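Each chain carries a letter (A, B, C and D) given by its place in the written order, and its residues are counted from 1.
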Amino acid sequence: MLTTDPFDADTLHEECGVFGVFGHPEAAKLTALGLHALQHRGQEAAGIVAYDGEQFHSHRGLGHVARTFNDREEMRRLQGDSSIGHVRYATSGVTVMRNVQPLFVELECGGFSIAHNGNLTNALQLRRQLVRRGCLFQSTTDTEVIVHLMATARGGSVIDRMVEALRQIEGAFSLVALTDNALIGVRDALGVRPLVLGRMEGGAHVFASESCALDIIGAEMVRDVAPGELLVVDTAGVHSVRPFQPASSRFCLFEYIYFARPDSVMDGRSVYSIRQRIGRELAREAGVAADLVVPVPDSGVPAAIGYAAESGLPFELGIIRNHYVGRTFIEPSQSIRALGVKRKHNPNRSIIEGKRVVLIDDSIVRGTTSKKIVEMMRNAGAAEVHMRISSPPTAHSCFYGIDTPQEDKLLAHAMTVDEMAAYISADSLAFVSIDGLYRATGITEGRDAQVPQFCDACFTGDYPIALTDRDAFTNNGELPLWAARA
Amino acid sequence: MLTTDPFDADTLHEECGVFGVFGHPEAAKLTALGLHALQHRGQEAAGIVAYDGEQFHSHRGLGHVARTFNDREEMRRLQGDSSIGHVRYATSGVTVMRNVQPLFVELECGGFSIAHNGNLTNALQLRRQLVRRGCLFQSTTDTEVIVHLMATARGGSVIDRMVEALRQIEGAFSLVALTDNALIGVRDALGVRPLVLGRMEGGAHVFASESCALDIIGAEMVRDVAPGELLVVDTAGVHSVRPFQPASSRFCLFEYIYFARPDSVMDGRSVYSIRQRIGRELAREAGVAADLVVPVPDSGVPAAIGYAAESGLPFELGIIRNHYVGRTFIEPSQSIRALGVKRKHNPNRSIIEGKRVVLIDDSIVRGTTSKKIVEMMRNAGAAEVHMRISSPPTAHSCFYGIDTPQEDKLLAHAMTVDEMAAYISADSLAFVSIDGLYRATGITEGRDAQVPQFCDACFTGDYPIALTDRDAFTNNGELPLWAARA
Amino acid sequence: MLTTDPFDADTLHEECGVFGVFGHPEAAKLTALGLHALQHRGQEAAGIVAYDGEQFHSHRGLGHVARTFNDREEMRRLQGDSSIGHVRYATSGVTVMRNVQPLFVELECGGFSIAHNGNLTNALQLRRQLVRRGCLFQSTTDTEVIVHLMATARGGSVIDRMVEALRQIEGAFSLVALTDNALIGVRDALGVRPLVLGRMEGGAHVFASESCALDIIGAEMVRDVAPGELLVVDTAGVHSVRPFQPASSRFCLFEYIYFARPDSVMDGRSVYSIRQRIGRELAREAGVAADLVVPVPDSGVPAAIGYAAESGLPFELGIIRNHYVGRTFIEPSQSIRALGVKRKHNPNRSIIEGKRVVLIDDSIVRGTTSKKIVEMMRNAGAAEVHMRISSPPTAHSCFYGIDTPQEDKLLAHAMTVDEMAAYISADSLAFVSIDGLYRATGITEGRDAQVPQFCDACFTGDYPIALTDRDAFTNNGELPLWAARA
Amino acid sequence: MLTTDPFDADTLHEECGVFGVFGHPEAAKLTALGLHALQHRGQEAAGIVAYDGEQFHSHRGLGHVARTFNDREEMRRLQGDSSIGHVRYATSGVTVMRNVQPLFVELECGGFSIAHNGNLTNALQLRRQLVRRGCLFQSTTDTEVIVHLMATARGGSVIDRMVEALRQIEGAFSLVALTDNALIGVRDALGVRPLVLGRMEGGAHVFASESCALDIIGAEMVRDVAPGELLVVDTAGVHSVRPFQPASSRFCLFEYIYFARPDSVMDGRSVYSIRQRIGRELAREAGVAADLVVPVPDSGVPAAIGYAAESGLPFELGIIRNHYVGRTFIEPSQSIRALGVKRKHNPNRSIIEGKRVVLIDDSIVRGTTSKKIVEMMRNAGAAEVHMRISSPPTAHSCFYGIDTPQEDKLLAHAMTVDEMAAYISADSLAFVSIDGLYRATGITEGRDAQVPQFCDACFTGDYPIALTDRDAFTNNGELPLWAARA
């Protein structure tokens, strides 16, 4: 989704998770559970829309799924056999309720609800055209562009209108949508964002961003929705539609590296196993004499296990994470902050002291966190700190749905690896190579063996989808921004 | 405003209050105070939109003004020199946030906010046309029809678009609207609903539904906005536009009888004085031998004072009202309910006992309340209970913005006055005559002296504005109603 | 009740209301209704304790009764056939939950709960002795002294212990208490504070501070609890105990003047009728040439009706009260405050303008409110403003349970009536005489006909109960005050 | 602490965490941080009392530390240089605010606040005596017994009274207490529960249940408070008092096995290292042919790392934990529950499938969780499941502050290891031996080399402290229980 300024990547682009059920008497409850399993994809807000055969019911709220859907009466209100849901990523900006998904609109041909994971790259251009035609936008999300395109389409069924709308949008998107007789799942032509189809014992069908959300409700994985595929689930079964030109898949590598849950399987590959293999690649590519391998919790753990196994060094929990870290807390005064308060992580001094440590983390963005963690290890008595990163240097912004800072704020954009090592004060620093990363996914020849099978734009700058808005609106101030905050 | 079903008058038609300020550095705070003075016009929800020269800011909430606008930080956010606000009447149905006004939209020509008191009588017809053209409605209020008409107008300035929209709508309405350079106040061609213009010492201008909202902020009353007048307040001053054909004023009589606050002045007449004169008319038209005059609190007080003065009977507080009655409370079980729990009113037995009482109330709608009050007086020992009503029998529904039941549920629609007296078990019952009511407003010749100067449709069935939706949609089920509750 | 500093009368002394039921299956619900009818006696906090034959259940909360007891589950928890409740007056200080009544303690002989209206005048002395003996106080209320006296009593039954405790305390008090087999009601020896006994149809008994709380649940008034009487209600019936020496009754006059609800009957006298008769006395004692009589709403209304009837002047609502005034609201900035914002009252200008007005109010405390109201009337165009007060000058503090400022902050303590008239800028000012006040209560010979039948200490300085703490602790700082706020 | 029934161990015994600071201008903020680091010791409630040189300030609330202490104004109110805090373990029963610690009382000699980790074994006996003497208890915690003993002590200073009280209580306890001039830390004679002393750079002193709470505020560890030691910290420094007879230390083994945070150091031993060594002992004592070692997250991780290292088998995250599991959530209906919803854990199927798995967990209590996890592993395709437990069988209840079920509900109380293996359907089951456990703590000769250095009663039934209440009150119903819930 995009909001008013698409270029301030730190606050405006978001990851999200989507979920949908068709054909189960407790569709909304299953959706709440599914969203709970997808909570790591978005903690800012959550919403569910359910359809009971006559009416659509909606409940949305800020914060975690468990907070918004903990009320028995609210859940009872979300009646119906079909339902979709959405979780939204935490951004630093203000979150307004009207941007919380799923969207619901009343089209001439019936009610329609939609939830979106990804980011459209020509949303501003389309929005401008729609406003000129008299469309009134109620949110600042790019998702709303889709429903206005549908409302003003040449007519026909909801599916016809949706196909007409999808052909006009550009970008990366996995959508779930709900009509008064069908559940719809769509993946963009390159399949950048994930979406899977599952099936429950009684015959209900399920869409989810990740397979771990099928697991939580005991659904069986059927398959990934194919890139460029629109699947319609209705009482007659599952139908596949292909609104787009055929294209090679370009699935997001960062899902494997960091974003997805380790127990998810994406495009047939275990996320956990890929992470572990990246760790092994790292050990081979950038081994170093050391005493132990320590993951930065929790995302560095699988790669650290792989690194330890490959290098023969012991794997140790050298950093303990406090699981009770929440969003709100007393703001420590400057004098307390100066004590080096470590609310989230604590070094396990008895393990670290006097040791040469290989620290494994998944990425370096601005570098501030890495700098602090290296310093923390040294204060805990580490003799040497060698940082190993389970992704190549992140040198470019993502415009396809992952929240990254502007390019010039990415440490890897401005510095060489040596400069970065000096900046974070590590004794050594190494990233897995792009070919090593491809090998870890099973493509043994590396990236350039043939057309790359993944979107790796954040590492390579090779953007597989046109960045229409970025190229059109070079001036941030050009767009009219009257938006009232609600 | 209207919602999905215009014919279930018990829940769907609403009274409201509007307020607007232009040219004061604390516009939103003044608006909150103004809405507070208009709280009797709507307790269900309240909202304010302010414009700070660059951005519109909005805050809306369910419940009382003091509850929604008690947060210092929220108020600080509502920056700007101009602001509009709205209070909404309590209906028995669920209130959804998306129906809470003011509405705010982003038109191609800029941001626009609007608040509405009244009811459009062709909103469903217009809405259907707009949906066919691809407009997406975000609320179920008739007010939103106006902004879609503006968004899809042939263009031009906000004022041009607004005039184009106003010429298409039918019904009773007083509107305040805010653009990025002006505050607008409009009254429908017949001036059914009230709207006044005020002025503050520093030069700021104010619109309000009633003059009591000028008093609370120390503003001076300039004049009533004229029927059919659109007033634009901007930095150049106040400009009058006349979008409609000239027509005779038909101001709502019920504002005088019950709705307005007694300290308001409407069309040059003191509401309190009219109510007192109605009491005098009643005493002349329907005097009765009795010991004391007792108002049904609080709305019957001025008429009771007038009745007592004219009849020479003593005025007494024979019924005490509990001022702490709120909306939420423990629901008494049936066994407790049977005790005749009187949470709202208590008879002042020591005054009532053994006395012949003239009870003064403002109207009889379904008759259930009157029945209970008469019974309460008898239980408190009243020797006789004579009910006198300060309005003619309410025999017809209102379609112009006052919440009345369907016609067939109005006691006066089905019964003669004698039957009603028997139904409520009063020793006698009398209503002021329609001519007596007109005389109390100062029209000494009564109603038919010339074209009636007021809308008295609820008493006479003489509807001065076409009821397009009612006549078109005779079948309640005809309209598509997918509305998700939010 | 008293808190840490008994001498800052503005914040520490409180009026309260108490209620109790014995023998009804929905005792707690009836108590909630009774407290609701007594809400005017205390808006700060409310609490209920119920006994179900095995366990005591308690629920207490800050704010209005309807707010604390609106939760169905909480009410369901308050099981049992007997129950007591308490409302507490709003003070300017912080209210802490641990001071909210009823208190509940576990004595050796069983559970015991108590609620208190009034103020003990030797509580600090007793508290000091008890602390020395090792008692741990959990609140800062004087009520807790009673339960510690009971806990450390020489033993015996709960009633024996209570009588032993009551004989040690001094002050004004009406108490209701609950044990595992009885409901108890007590009034101090002089009967300063009110307490009535009622009876429901099924045989349940009820105690309440005022008769209006019997009315709301349909209970019949039996009689006032006599001064110095302790009534025990148990399954065997109602038993009267007399723990104190016989003494003449000294009921609080301010209950009649202002505090009680007008529909209550106290000591056989209608509060409403007394207020009206005070108005008549005022008209006789201090009549003045004028055009109309205007009450300061709402407490001035009955006296104004009496004054108008006696003087022949018309009674008019010249000041309109906004019934939606709540506690919390946006704090107007200084610039807005300067506009003379009148959130609570608005003059009814059309009635006032050019008229000589007699304003009727119940009392003058510090004089600031009276000053503002006179000014408001002048700004609304009143030709003359004559203030008439339905009580004698309040020149002394109350130590028996009514919240009054320290003596030196009372306007009447420092000024003559003429000086007060000048201070509030009234054209004339008069108070009802002390004899006129006694006459209005039915004692036709006035105060000094015999021993005064009322406590009138706030007018006369004649304190009928010893002020032990005031005389002992002349130095505010003397008491140890470690109290943690909770 | 104990509540009304000491024998229903599932709900009544609790673990807790305590913290205290003396001599830092932001004592309460440091305490909030310290409690945050101790959150794993109690999630039910948290409280802080601070002393500002004149007054004690208290704030307590249900739920997590971050929730109760997230309000800037509340924190500002907790002024002062010294402060103590408490976190309380989640029990299944209702938690009432009045049981939330620290307790605060006003003794004759001044204010006194106390927080307690542990459980008194003669609290009921003492409470009964105190109630007979007229003491009123305000909570149902055993901690309150201590303050009543102090209040009714023969007098003298706070320390004298505290020593007199401590000599009367039996049980396991680590206390922190605050007076108007000192911070106090106490450990029972056997040192069953932990307590450490730390020091900050500016000279402030700190007590904490675990060293990880020193780390979070950058305090340096000074030493463990010795068993039977009372440490007084005041402006003169740190003074040691020895109220009890010398005794051998019997520190709780379960702190090492499960309760403490792995980064804490207790009695000079790293918790993490002990857990890892237990894993190694397990591998040696109960090795089994398998393909991988999987920890039950998160507590099984260190032992699993040790087991893997010793056995040479790969360590793998075969179970993924959802970190967003909160307390409140929609209650799944029975039909959904039947789907085998796994909100907390998900098997990492791609790792597990077809493999022989060694599962490492810390303990088996009732066995229900183990049974489910084994089943989950089988459903995920595990070929064999071998359960290894990093503690000996828990066959006896704890009465010293850890929440365990009644003995007859402990799986190990009724079954042999083989029966347990069958019950949980594991292919094999083994526990570390008691000697192996002692060896892991560094006592190479095992338990019986000399007097055991630890409390291992839950494994051996050898209770080092008298169980007075248990032995005295064999009948649950004997105690009077009038307690009102508040």
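Basically, a contact is a pair of C-beta atoms (placed from the backbone, for glycine too) under 8 Å apart; a residue touches a chain by one contact, two chains touch by 3 or more.
Computed from a prediction, not measured in an experiment: that's the story for all the values here.
Shared contact partners of subunit B and subunit C are absent; no chain touches both.
Graph distance from subunit A to subunit C, where chains that touch are one step apart, equals 2.
Taking each chain's centre as the mean of its CA atoms, B is the chain most distant from subunit D. Spacing of subunit C relative to subunit D, judged by their CA centroids, is 50 angstrom.
Taking each chain's centre as the mean of its C-alpha atoms, subunit A lies 38 Å from subunit D. Averaged C-alpha coordinates give centres for subunit B and subunit D that are 62 Å from one another. Among all residues of subunit A, none touch two or more other chains.
Arrangement of the chains shown, judged by which pairs touch: one closed cycle in which each chain has exactly two touching partners. For subunit C in complex with subunit B, the touching residues are 25-26, 29-30, 32-33, 36-37, 39-40, 43, 64-67, 69-70, 72, 75, 200-201, 212, 215-218, 261-263, 265, 270, 272-273, 298, 301-302, 305, 309, 314-317, 320, 322-326, 328-333, 335-336, 339-343, 346-351.
Across the complex, subunit B meets subunit A through its residues 49, 55-58, 60, 77, 97, 104-108, 110-111, 113, 131-138, 147-148, 151-153, 180, 480-486.
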